[in-house]
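Chain IDs A, B, C and D follow the sequence of writing; residue 1 opens each chain.
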Amino acid sequence: MLQYLWIVPLLPLLGSAINGLFGAKWRNEFVTAIAITSTGLSFLCALEAVREFFESGQALFRKHFFDWIVAGNFSAGFDLQMDQLTVVMLLVVTGVGWLIHIYATGYMAHEGGYYRFFSYLNLFMFFMLILVLAANYVLLFVGWEGVGLSSYLLIGFWFLKKSAADAGKKAFIVNRIGDFGFMLGMFLLFRAFGTLDFSQLFAKAGTWQPEAMGQFGTLTVACLLLFMGATGKSAQLPLYVWLPDAMEGPTPVSALIHAATMVTAGVYVVARSHILFMHSETALVVVGTVGCATAFFAATIGLVQTDIKKVLAYSTVSQLGYMFLACGVGAFTAGIFHLMTHAFFKALLFLAAGSVIHAMGGEQEMPKMGGLGKKIKWTYATMFIATLAIAGIPPLAGFFSKDSILHAAYVREGGRHPLYFVGLLTALLTAFYMFRLIFLTFNSKPRYDEKKVHVHESPWSMLGPLVVLAILSVIGGLMAAPALLGVGPDYFANFLAPVFGGAQEAVEAGGEAAAHQLELILAGVAFGTALIGIAIAYWLYLKNPRKPDDLAKSMKPAYTTLMNKYYVDELYAFLVVRPLLWLSTNILWKATDVTGIDGTINGIAHGAAAIGDGVRHSQSGNTRSYAVWVVVGAIVVLAVIFFWPGASKTVLGWVR
Amino acid sequence: MVPTSYYVILSAILFGLGVFAFIFKRNVITIFMSIELMLNAVNLAFVAFSQALGKLDGQVFVLFVIVVAAAEAAVGLGIIILIARNRQTLNVERVDLLKL
Amino acid sequence: MRALLATNAELVITIVKIALLLFIVLTVNAYLTWFERKVVAHIQSRWGPHRVGPHGLLQPLADGLKFFFKEDPTPAGVDKFVYYLAPLLALALALTSIAIIPFGPAPIHLFGHDIYLGIAPLDLNIGILALFAITALGVYGVALAGWSSNSKYPLLGGLRSSAQMISYELALTMSVVGVLLMAGSFNLRDIINAQARHPERGIFGWNLWPQILGFLCFFTAAVAETNRVPFDLPEAESELVAGFHTEYASFKFAMFFIAEYTSMITVSCLCTIMFFGGWLSPFPASWTLTHYLPSVILIPFGLWVIFDGFRYETAFGRIVLPGLGFVIAAMGFALIVLPHQYNEFIQAPFWFLSKVLVFLFIYVWMRGTLPRFRYDQLMAFGWKLLLPVSIVNVILTSFVILAKMQWGHQ
Amino acid sequence: MTAPLIVFFVLAALAVIGAISLILQKHPIHSALSLIVVMVALAGLYLLMGAEFVAAVQIIVYGGAIMVLFVFVIMLLNAGVEEHTSLSKMAGPPGLLLVLALAAFVAATIAKSGASVQTAAQTGALSSTRGISEMVFKDFVYPFELTSFLILVAILGAVVLAQREKS
């Protein structure tokens, strides 16, 4: 299977094509079968491929399937590669993706455009797989753009709803800005190294001189540009604005694309090109700072959101911030670790939220829920597990990953620890708003009309994935447990060591014993903060539910600011959108297009007409006049041959 | 042996006469004939050169020219019949409109 | 005088030959008309000409005189030039075409020159092609005559003939290709010699057997080319008065007449050469006894003529016929008694002429028996039957030849 | 003045006279006849050059088929003497000038090149028929097949053109 790696992405593409082309006529059962089998098969193929990869025991497997672009000294082949990092991503994408597919069959059962939805979803799978399997930046970029496209299609799935359509457009455009940077980065890299193939490029880059803080060399600039792309795709400051709106899409989409897989592509890219980043101090600092800031910023917004999915969206943004923070402090392992665990519990959260919405018959506003815990037990249980996980309660997945990130941050910048403390604070906020969500939704007394809405548990096609994911988010982190308890190595780190080998030393600086000591302390601190957050939430939303409104009243400006997400959208609208509109209306449209281009074209047309009108008169229709012209032409030719000395020789040459 | 240039000059004269006929005559059929005359002149030149150079290509080419001329005559005369049928004239000067 | 003879002997010989051939052909033509009328008459159980001279033998002379002395009116409004040109053209071409036929293999030794029977030079590599070329031009005589005499029947005749001749020329040419393939040459002599490749086979070595299809096509097309029954539409008396030569009188008419009969002879010669082994004897070369066949035929015939003359009613006949018969019989005796090579020499022309005579008889025979085609039938026959068949014949022949080359037992 | 030269000049004179009369004749039939004269003369010239096959084909196809077609069409359409219009009278002199210029140029160009052509090997009469057949069926076989298609198309085209549309 490893030799036929291309089958893994091909299967979803086939599914997408079949559903897209014929699905319209079919009954939903067929569409479901196609979609599920294609993704499931691709998951199995991926497993088989991974098995063979480990059997072969090689550090990096890469295969060139065919030349795709060959131009001059530039060549980009359709090459797929597999190493430990790819393995993680591959399994997450296919596995979680498959689960979410199953879930979606239940969730979308009563929606129109069923086949369309699954066609898009499979298409997304295809592009995502291309992205993670690609062995060079060009192919990766194909996946990158492709997931952008499918995300656009899926956000705007209910395109009749204006908000949905706008959200799709917004996502697309904001991503364009990031992609612009990404492309520039690629060009720069090609300019510098003459190749975009990972192994060659990194091999070359490894030999370069690391660039110190504040030194803007090729690598730094390239890394920053790549990171710009990453911020676009992974919704970091300042390009995060599209992700919350993207919640207009169906919930499975939010779970798959905007929590588990696509938005982590940025992290993946940064991790993939860690060698470059390791060579540029500045870039790392920027990444770390941006990540940290995003984490905090988004968390604060998340505090006050009332839409259940919005809360999750902002939490996603902030968790992604965590991952970038990890990358920024050089702990790529921790970043990827968190990526994986986050994929589990965040997907679970979204799916559970979807289940809630399903139960509430499409209601998303938390103030109109409450007390659902008794009615929909499974959902409640699973979602509670996920919340514990994300809040960082041991021994669940989130705890270990988040802890390793914080630890890395602390260790990395010995002495002053701004990043660490902000991260810690964010952890607190996270715990708080997550439990706020839980309490508002499940525990407090019902705030909806029991007559109208009759709450019901979702079908098993939806609950099954929830359970599986819940289990995963429980055990997902245990790989790192032995290291924490000091009874063994960090298996996950060791697993990824072949990839990040170079990067890890930076983190492992400092004595082994001291490090372990410190690690335990930090873990305790993190746990503590989480508990505090939970406590606050409990006190505010269960003990005395009046309090939050009083708080909101008492500190009105802050509350409104948070409520309006710091007016960022308005800011962008003022800074970017309006000038752009003005520019395109007046300069590009009125001046350039209408006056310039159309004018030229019409002018040419009129000129041609005028000339024709003039020349027309030579066309008398009299055959013999034409004959005369022919003869004149012949005479001219002969004259040339005759008077131009060289020519007669040539004529002779022809005669010979 | 007759010098080749004699043949070639003869063919030039014939060609010129053909061209003149082509310009000067008014009857479609005659004009068509003058085209044939030009073709013949060219053929003469071909054969003359082929004989002078001792290569047969010229003669083969003449054969092709003749074949093409035959095809051309068939189609051309068909067209002429059509013209005569639709316009009741063979004078090219009266046939100077595309539409009737 | 002798000097001139010495220097351009070839020229003089050729001129003499031409004159001789002209005389012979014209005479044969004249008596061909007599022959035709007699045969047709007997086919229709009549007597035919028998007033002028014994058995009407002088009838051709009378006709000739009549042609000369008749008034020669020129219809009003004819295109003079073309009107006069047409018959000349027809006659000239017909006579030219016969100049290409070789009549015998061996030369006569005279004044130290080898004189061959036939006018064209021996190495006329495009013999048959030249013949076709001349036949092709033959159309003009008829067509122009029809057009120039400014009258509707001739015009129709002319149109018909030009269409008909073009159509059948294709079949004519295609049907010969098979023979050419077998002979590998255009030269008529080569074609005849090619049929003599197996002297022991005699008549079975002729092209007739492998090329039977070709022969049928060729003969039919040839008849059509000569505007003879059943293809005589250009001069269909019953429809077009006399077709293209309605407006022609006396000698100009005679020209057309002679041209037609000459082309008949030419075609007969061609058939003989192409398919019936030309001057080859039908018997295997090893048989020498058959060489006396000429005498064996001539002597009894002469004796019969003498006998017939004695019991003829008019005195003139009683004088002329025996004389004629005596001459014939004497020739037969001469061939026996004279030295051997004379008899040998006479073989080829004898066979050649006898075969030609057979074909001429077939011509007359057809005229006596067959009805005329309708115009559309004619065209359909030419295009839809003759041409395809002759093409098929070409393909078959070439395949067979190719196969023989391949497994080369030939 | 050898025999070939005499023959050449006679035939050349015939050809030129024929061409001139093609121009001067008023009636298409006469023009056609003069053109036939030209063609026969050219065939003679080909024979003189030892190109027997081409000569034969020239007469058979040009003289025997194409020109007959012309004559046939002229008879069919009953084309009369061509009429003059003021324009056509006017067209004469400039046309003549043009043609003279053309002929002059051609002649001059040939005169330039003629000498060197003369120096070329004068391998006169080669057995043209066999050679031509070998070239046509070996070297030029594809063009040859192409011409056969051309002929077929031409036949169909002529039929389609000349048939009266059923109404």
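Assume a residue touches a chain if its C-beta (ideal position, glycine included) is under 8 Å from a C-beta of that chain, and two chains touch if they have at least 3 such contacts.
These numbers come from a predicted model, not from an experiment.
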Chain centroid nearest the full-protein CA centroid: B
Chain centre separation in whole Å, for chain C relative to chain A (CA means): 101
Euclidean distance of C-alpha centroids - chain B vs chain D, Å: 6
Between chain B and chain A, distance of the C-alpha-averaged centres to the nearest whole Å: 76
Where chain B and chain C are represented by their mean Cα positions, the distance between them in whole Å: 36
Contacts with 2+ other chains: residues of chain A: 622, 624, 628, 631, 655-656
Junction residues of chain B - those touching two or more other chains: 19, 23-24, 26, 49, 53, 93
For chain D, residues that touch 2 or more chains besides their own: 53, 57, 65, 69, 74, 76, 87-88, 91, 95, 98-99, 102, 106, 117, 120
Pairs of chains, among all present, that meet the touch criterion: A-B, A-D, B-D, C-D
Chain B to chain A touching residues, read off their complex: 19, 22-24, 26, 31, 49, 53, 92-93, 95-98
Parts of chain B lying in touch with chain D, wherever the complex brings them together: 1-10, 12-21, 23-27, 29-30, 32-34, 36-37, 40, 43-44, 47-54, 56-57, 59-60, 62-64, 66-75, 77-82, 84, 90-91, 93
List of chain A residues in touch with chain D within their complex: 622, 624, 628, 631-632, 634-635, 638-639, 641-642, 648, 651-652, 655-656
Chain D-facing residues of chain C, complex: 79, 81-82, 85, 125-126, 129-130, 132-137, 139-140, 143-144, 146-148, 155, 158-159, 162-163, 165-166, 169, 173, 186
Residues of chain D touching chain B in the complex: 4-5, 8, 12, 15-16, 19-20, 22-23, 28, 31-32, 35, 38-39, 42, 45-46, 48-51, 53-54, 57-58, 61-62, 65-66, 69-70, 73-74, 76-77, 79, 82-85, 87-88, 91-92, 95-96, 98-100, 102-103, 106-107, 110-111, 114-115, 117-118, 120-124, 126, 128, 131-132, 135-136, 140, 143, 147, 150-151, 153-155, 157-162
